[in-house]
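Have a look at these structures, which come just after this line.
Note that chain A is present in both complexes that follow, paired respectively with chain B and with chain C.
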Partner chain A sequence: MFGTLFLKECRQVLRSMVYYLYVVIFVMFLSSQMGEVVTADLDRPKPGQESYGSTSSHEEGAVMEKILAGLVMETYHNSYATYPMGFYRGVTLNERELAEMASIIEECTGKSWDEILENMENHFAKSDQTTMEGALRAQISYSVVPKASLSYEEFCENMEKACEIIGAGSSYTQKHLDAGVGVPMTYEQAVEEFETLCGKDRITGAVVRLFCDYAGIILSILPIFLGVTRCLRDKRAKVSQAVFSRSTSAFQIIASRYLANVCMAFLPVAITIFVVQMPYQYHARTIGITPDALAFLKYSLVWLLPEIMIVLAVSFFITELTENVISIFIQVFWAIGSVFGAAGLQGDFGFHLIARWNALGNTSAFWSQRQELFWNRGFYFALAVLFLGLTVGFYEKKRREGETVYGKIFKRRK
Partner chain B sequence: MGSARIEIKDLSKNYGKKQALNHVSLEIEQGMFGLLGPNGAGKTTLMKVLTTLTKKSSGQVSLCGIPVEQCNEIRRMTGYLPQDFSMYGNMGAYEALDYLAVLSGMDKKKRVEKVPEMLEKVNLGDQHKTKVRAMSGGMRRRLGIAQAIIHDPRIIVVDEPTAGLDPEERVRFRNLLCEIAKDRIVILSTHIVGDIEATCENIAVLSQGEILFRGTVSQLLESVRGKAYTMEVSAMELPMVKEQFLVTGILTNGSTANIKIIADEPPVKGAKPARPDVEDAYMYLMSHASAFPCRE
Partner chain C sequence: MERYLSAGSSFVRRQYAPHLLAALVLCCMSGFFVSFRNLDALQAAKVMEMYAAFLGILLMTPLFLPEQNREIWLLEKSKATPLWKLYLLRLAIATVLVAAEVTVFCQMMRQGNSQFDGKALWIGSFCENFFLGSIGFFVSGITNQAVLGYMVSIVYFFANIGASRYLGKLALFQMMKGEYGFILPMAAAALALAAGGIVLREKIG
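Let's look at the complex of A and B:
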């Protein structure tokens, strides 16, 4: 019986305009991010290359240099990027605050502000600022050396002062310092990284991981619409009472709807990730590496499926509870908060809804944090099951008592 | 399994401070049973209690010997046609009925047999592919009755099924209900007296959550025997007559009007005795609600 209901629900999803919008938006978003097949970053590094990319470093000296570099550049432009409550807010300081900030930098570097600015200008003058690549490279390689006597603790205290001046959500919080910084890679490091990439990711793993990073962003929002549409369809079509009075259990009704939506939401994800993986699979073979042909399935199941599950489960729960579209607003806010709440674009999985790994490779760093990702995804899987259970319970209550939370509030207002 | 009988004892249902049902007691036997009452009388609430869609506040309700609290058992033995029944607009008649049959726990073999049979029964056999969104009100109601009986329930509850139907559809629908009621209980809840008159012998009249009358149509008619009169009045006098008497029919003819009055005594000398109908009895009952003890 459950199987029949499930198939009928899948058919319902397939007939929904919202589902086709879901597929189109998902594919368009992913194409815009990963449309071009770039294999250059997946080739063995050659000695004498201009750049080998960057790697993440938690070494205190490196952290101080890069964080100070960022602070100098933002102070120079008097424009500080902050993300209070997850949303971008540019901060401009007044003269007094700017002077205070300059003195913090002077305190950390042991140099005068003018001297620091002169060094910065000299550094950027050396690079080709007319191309995006040149400007980016100059930015990556720019660093500000702290004074020799500055301890890491003193540095942290100074950054705390900087945070107080700028306000909440700046890039100088302890969370950002702990997340590490990007530093240019050496040839040896690049070769080691490539060996790890070939051994552990077998090329395709790194590609689908980047796919999961982008897909995770859009999948924190798109499935909400599927969930809300399904739950409101009964009300809109005036089917609720005819369904409520049938003998099938609330579990079978809700679980079949939920599972059908999860599967249908996952289907285009699985197909797209497989299509994205294909050219890289071919590339791996051309450079003599046996690719991980099932990487697309492993990553999408572990990384993206729990996200689809929790987003749908929460939208089912809120929509059954309120019988309106408020779930869209709550969950979009949650998704945006998750995107901007993370300290960096790689790792720091914590309990963020969206797991980020915005890099093609950086394999050893990922594998060292893999366990954290598993905990994160396991947590959301369990939470999704919990929300599904709550939805079933509330649906049965509605069925027996004929009242909704919204209905009760509405009645009391009268 | 108990007998095909519904027992309602001292049933009350409150929505906050509002009492929708007030100590209602009823016994309903096999066949058509009409539940009559004005809008807001508590008919839909009573129907919902019987179909487990609303929890009672107090009292006892059992269907075929099974207490209404045993939701799963009750849902298996009841079929419900809600007041505003519809289905997903993008489904065809067959698909919609098949979907609800699955929700009633019917296996594929049974559905393949019963779905076309039910569609034929409600005269939708030729329309099995017609989308619900393209159906007329009458077709939807017929689909509604098909979904209410597809799992062969012992009790069928239909709430205001003929509201908004044209006369032809209404007659067809009533006949269909009578046909179905041969071997089960069919409770027809309505505020349209004509529907009850045409289909039910046993009835109850509900008003403001209380049972005003419980008995047969003949007993209801008995209460107005010798109390119906017709008389001719001028159009000018009509408002005054309406204030003094219970007027149940007016046929205007130029400056005069032929009216039907329900009164305990002949209203005027020239008034002629008339044959009362169920609507007259219902109107008389409603106008004397406070003074009318529940008749069993």
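Let's look at the complex of A and C:
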């Protein structure tokens, strides 16, 4: 029975215009982000290169330099990134607060604000700001040296003062200072990183991770529409009562619908990821590395499938509960919050819906945070099962009592 | 007049109320997502274009919701009042609400000591809100599916984050760059989409 229902639901999905839009938008988004084959970043580093990218450092001196650099730039633009509720919120200060902030920087550096600004402008004037790579390189290499007599404790106290001025969730909290900073990589570090990339990722792992990063963004939104469409279809076709009266259990009906939508949503993802990583398999062989041929499946199952599952489960639940399209807005805001709520573009998986790793490589750092990713995805997998259970329960209640939160309650009133 | 008032209030009570509630929640929660304090013209534009623009989609896309039910559509078609007048009435309600929402956001920024050209920002924001909403309105009208309307307008919003250069004068987020030349073409496109939505829906229906 379950199998028959499942196949029927798959056919229903295939008949839906929303599904074809889902596929087209997904493929277009991915090809716009990963259309070009980038193999230059996957070659062995050569001595004397202009830049080798960046790596993370927890060394106190480096932390002070980079954090001060960030504070100087934010003060210069008078725009401070904060995450008070886990969502991005830009803060702009008034003149009095700006002056206080400048004095904190002056105290930390022992230089006047004008002198610091002049140094910053000189630094950025030296680098090519017309290209994305040039601008990024300039940002990575920019640092502000603290005065020699400043201890790390004094620095932390000053950053606390900065946090009080900016408000909750700024980038200068103790948590951010403890998380370390990005510093330019040396040639030796770059070679070591490349060897880890070849040994652990076998090239394709790194590519697929980047794919998962981009795909995760769009998959936090697109499956919502599939879920909402499916849940509203019975109501639109006026067959809700006919389905309610069947002997099939609520679990079989909802679970078969849910599973069919999860499989159909995952199918184009798996196919696209397989196609995208093919040129990189070839590239790996040309440089003498045996590629991980199943990396695309392993990463997509662990990274993307739980995300599709939770997005669909929540949309099923809210739509069954409200019999309305309101789930779209709630979930789009959840997705946006997750995109802007991450402290960076790599790692900091926490409990964010979208797991980010916007880098081709950086393998050692990824492997050190892999456990956190597993916890994150495991949590969403469990949450998806919980929401599915709640949907089944609510559907059964509707079936027995003909009741919904919005709509029919009012119809029962005399 | 009484007939239109009754039709309008019935739509708001029976179909539009959850959307109005969601819009209200979005407005009330805006303080958690965006700052209204000490903004300059470009930062104020960012608030309007990145956050407030969603309200246009939320308020204008569900205007054909009642007629997704074929029985309601047939019943309405049998009445003396033509359907296009009903659609126009709902569009007018949504337009007034969008205008009110833009005014509230501009006012909140003013009270937060922000400095910007109020008239230009109001017109530009209203135009973008109305344009995004009219995409949803048009698509839901011709496909008879509000979900598709939401999907296309939300995807259009996100497409502008990375691909605005391909969209010419119809690209969003222009005010954040200090550009206001988009207003006329975008207003014209929005009106065309809104009118097209009503006309085509009647023809397809």
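Of note:
Here is the rule we go by: the second predicted complex is superposed on the first by the 371 of 414 C-alpha atoms of A that agree within 3 Å, B and C clash if a C-alpha of one lies under 4 Å from a C-alpha of the other, contacts with A are read in each partner's own complex, and residues count from 1 in each chain.
As a working rule, a residue touches a chain if its C-beta (ideal position, glycine included) is under 8 Å from a C-beta of that chain, and two chains touch if they have at least 3 such contacts.
As the structure is a computational prediction, the values presented were derived from the model and not from experiment.
By the document's definition of touching, of the two partners only chain C reaches A:I221; chain B does not.
Legend: residue contacts after superposition of the two complexes on their common chain; A:Q12 is shown touching chain B, with no touch to chain C. Contacts of A:L93 after superposition on the shared chain: chain C is touched, whereas chain B is not. Touch criterion not met for A:Y20: it reaches neither chain B nor chain C.
In the superposed model, A:V243 makes contact with chain B only, not with chain C.
Looking at the shared chain after the overlay, A:F351 reaches neither chain B nor chain C. A count of residues in chain A touched by chain B and by chain C gives the higher number to C. Against chain A, in their complex, chain B makes its touches with residues 15-16, 48, 51-55, 71-72, 75-76, 78-80, 82, 84-90, 99-100, 102-105, 107-108, 132, 144, 147, 151.
Across the complex, chain C is touched by residues 17-18, 21, 25, 32-33, 78-79, 84-85, 87-94, 221, 225, 228-229, 232, 236, 322, 324-326, 328-330, 332-333, 406 of chain A.
Within the complex formed with chain B, the residues of chain A that make contact are 1, 4-5, 8, 12, 15, 233, 237-239, 241-249, 253, 399-402, 411-412. Across the complex, chain C meets chain A through its residues 18-19, 22, 26, 32-35, 37-40, 43, 46, 54, 58, 62, 68-69, 113, 143, 145-148, 150-152, 154-155, 158, 162-163.
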